[in-house]
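Below, each structure is written out as structure tokens.
Each of the next two complexes has chain A plus one other chain: chain B in the first, chain C in the second.
Right, the complex of A and B next:
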């Protein structure tokens, strides 16, 4: 084998090594450390399963997972329902030359800090906020509604963020769809509704599911939005994890709860991957 | 120093050698940066702090007087602070701000250096906040209280009847339902719940937890939100709520100029006394400067600046703090003797009871 041939084979490995090293250092090793930590006692004792069993034995901990799944499911469904028509309008109704600008305007809120955006929502939804002033000012309600510091506020904050994310993935999917599919459907006598339901929607389902899965993963692991907008009137899993660290520094229990959260995300991934056949043959 | 990354001509070398040489250069640059950083840190004072110590108005006079840079890292919660220390190299940190009740935790881990009592103004401190049960371990002083205050009832006096705020019964009655926020920290609010049912905070046991939980659930049923510092402060300041359970001068004093209607009471059942201390790390490489920093913070000038820090106000532990008359009025300095007599210490549970208290708090948060 010539030196040039060896170098040629080594080059791809050399190029991919930083990414592999990064993943190993900042994902695989921390994950293993977290898994190990979850099996140790907080007081410095040896191996224990008590951190994991606490989750299943304490109804308040279990409730945090139920709350997280409920909020995540609602956010994912509502975001898809809002994002799809939005992406469709952008891809199909907005003239080509304006699409780039329209897309940029659509994702403009991404440009602000996530924390700032959440606090801004708090001001909008508060008792003296824009929405309540409009509702009471217009005479629709005599008393301001309790929106801030509720689960609804958390959902609104999440949906605002994830609609943008889903719009991008669905828009990209719609743009990749060849117009010949629709022409063929029309030639075969299908109307616009039937074409959408039987041709466009199934073909854009991968884009929807990829966006929905990303929404699920990011939403179920988010700490900031429920902490700022939810008013701690119920706990979600990331809040429960953080709670173990603050004063007591109980990293083993926090690790165990995080591993359980990751297990749920993994199950969601496996379900999505199998259903959509995301993996390439 | 400049580093020339162009050590070879890419057109005459194979790609791997070019990559290798660039990697070497990058490693060298990184090593140099790290070395420079370490050197800079060794000459500075490195402080693990709460947000009130990050105020430039507090740090600058010390830095200028001593020709030293104070590098600060903020943390919330002793557990998080201890984790930072454990992930650092010995000697990385010089001083730490810590809940007074948690000083024994640091001593147990072998983190702290005994402080020279003869070089600190202990005689000038309010006697009740010296907290010797926590700050002195085995006859040695490991911490000195620098700031204190009360977890009690903070309120807007234009929205509620101040007379009602003289009893904790107002927190669980119907009159202010939906107008209450609860400060999201389990120890002080559990302390308040204990006071409400006639228990002493220093004598709490596991047997008291069911009754405390019932009291917390009653408060939660009346509350609009349970918020950390910023959220609860904002809720009270913006009128989202009129009462803050666990609030005190740390919420109302800093907002006094913008919102003079905010006030706090020490109800007839009492209040929970919070206090924060300064400790020096055993492995500090800059112990002389660390002691100077502690002496500065404890000086009348340092105490006044710390008490009125931009992040939050609180009572200075030193009775000789150089506060203005207006600042003293806002902090209700002259009423401290009475307040301290009626306040009870922060709950200081052992690890097992601490965990059970946190679980009670979790159940309260999840209750609908």
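Right, the complex of A and C next:
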């Protein structure tokens, strides 16, 4: 285009090289280092596959993956089921001029840090927290419920975050639907329920899948929420990874577990790849 | 039927808003009471614990650290993202699609794994744990974001303005500084502010890559060991306030851009 002489040809490379170099040096290289580390023995001697085989042979590690997959699946399904009607109400029932504000409010706590958000839920769910005080105070229960430090607490914390995220993506999806689809369905004699089930829902399905995939990836890799809310009674994969570093300084095993976790995410990506094609408008 | 749907919609929306705001309201409310436990009944209001936060030099220096890391790493991410986006959008490079894919790849990998990789690499290379190490990690997570935002906004009409400037004899650096940067300013700001909020809130990378001097989320994490503590409520409310300011600034900028 403007390539004139050597300077012209060097310029584009000078522009893209810093970003490429950064990604290679601080993203690709660390990943390779981690992969290499996962094949070395913790005590420093030689190559071994024991880090990887430990995962398959040790039931406790295997259980962490099962727990992670169960929690992630429950969180994804519950979040979609809660967020879809909410996004629909925001997009269809709220007057146009208030929609932006309503949406901004709906995702405001999204912007607090992970740590603070999980801690806030601890305040709500703890033995002497708001919910238990309300339950025992009203005489409904005589004993406080054990919610904090259980799987339920982890799930509540996650669902809170992902309802906000999914509301954003599904809302955007509903707004992109051209109203003429609905008019056409109505002209052809479909009632509102049929229009929704046969027109709106199928057309927003790709958006739901994108949101569900995001939920899956972010949920299965998160350390904070299970650690603060779920405690150590039941470990999820990220907790298991961090435990290898924190307590034992076992980088090779932590690397191996991280790579296995990443492989699971990649499989999930391939499974819904056909839904995730992001087309340029 | 219509009225029924409306009533049900209202009830549902109120319930979800309640669910979304419950923890935030509890957090802020119990940061405002003087007792040593942030639990009901509410006895406030008092600013006692905010004073305690501001008097705690570990927390205040962590706050300064967090701001520094957020500003510097976002500036680096936006600079690298902008230059590469300009390079890819304006010049036909061999293997362009592959290279763009490489730059956006970190978006699909969880922070824990990015942090782990850097920890292993730095450990081998003998790079000590530090704020700089965490900042490097923050650039890794924010560079793809800045690149994607800026690249998607580089349309054809900007190319034409740049061509006009070149035809009028402007050298390449002048085109960049006087034409491209001002025209792309909204996307550049969007990338910068989004990076700021992500870096400001990021925990796991900072947790893995810093030791003594650390960022605010990690320092809050350390506070959590003492269980429910009104000081944590106060500092959490402050962090939330900063995030909200960033988001509102971001919203205002989007609104200002709309008419253009």
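Just so we're on the same page, the second predicted complex is superposed on the first by the 250 of 281 C-alpha atoms of A that agree within 3 Å, B and C clash if a C-alpha of one lies under 4 Å from a C-alpha of the other, contacts with A are read in each partner's own complex, and residues count from 1 in each chain.
FYI, a residue touches a chain if its C-beta (ideal position, glycine included) is under 8 Å from a C-beta of that chain, and two chains touch if they have at least 3 such contacts.
Note that the coordinates shown come from a computational prediction; the quantities given were computed from them, not determined experimentally.
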- Message: Following the superposition defined at the top, how do chain B and chain C come out on chain A, clash or fit?
- Response: clash
- Considering only the touch criterion stated at the top, classify A:64 as touching first (chain B), second (chain C), both, or neither. first
- Message: For A:177 in the superposed arrangement: first (chain B), second (chain C), both or neither?
- Response: neither
- Query: Should A:272 be classified as contacting the first partner (chain B), the second (chain C), both, or neither?
  - Reply: neither
- Message: Under the stated touch criterion, which partner chain does A:245 make contact with: chain B (first), chain C (second), both, or neither?
- Response: both
- Query: For A:128, is the partner it touches chain B (first), chain C (second), both, or none of the two (neither)?
  - Reply: both
- Check the residue A:228 against both partner chains and state whether it touches chain B (first), chain C (second), both, or neither. both
- Which partner, chain B or chain C, touches more chain A residues: C
- Now for A:11: first (chain B), second (chain C), both, or neither, which partner does it touch? both
- Task: Could you tell me if A:218 is touching chain B, chain C, both of them or neither one (first, second, both, neither)?
- Result: second
- Query: Of the partners chain B and chain C, which touch A:20 in the superposed model: first, second, both, neither?
  - Reply: second
- Only chain C stretch among 149-157, 167-175 or 239-247 with CA clashes against chain B is 167-175
- Item | Common interface residues of chain A - those touching chain B in one complex and chain C in the other | 11, 14, 122, 126, 128, 228, 245, 251
- Note on the structure: Listed in rising order, the residues of chain C that touch chain A in the complex are 5-6, 9, 12-13, 16-17, 19-24, 26-27, 30, 37-41, 80-81, 83-84, 86-88, 90-93, 99, 102-103, 105-106, 108-114, 116-121, 123-124, 136-137, 139-140, 143-144, 147, 166, 172, 197, 200-204, 208, 217, 220-221, 224, 228, 232-233, 236, 239-240, 243-244, 246-247, 251
- Task: Spell out the residues on chain A that touch chain C in their complex, using ranges where they run on.
- Result: 1-3, 11-16, 18-20, 22-24, 26-31, 33-34, 37, 82, 85-86, 89-90, 93-94, 104-106, 108-109, 111-117, 119-124, 126, 128-130, 133-134, 160, 163-164, 217-218, 220-224, 228, 238, 241-242, 245, 251, 254-255, 258, 261-262, 265, 269
- Message: For the complex, give me every residue of chain B touching chain A.
- Response: 14-16, 19, 76-80, 82-83, 178, 184-187, 224-228, 231, 234-235, 238-240, 351, 354-355, 358-359, 362-363, 365-366, 368
- Task: Provide the residue numbers of chain A that touch chain B in the complex, in ascending order.
- Result: 4, 7, 10-11, 14, 42-43, 58-61, 63-64, 67, 122, 126-128, 146, 148-149, 227-228, 231-235, 240, 243, 245-251
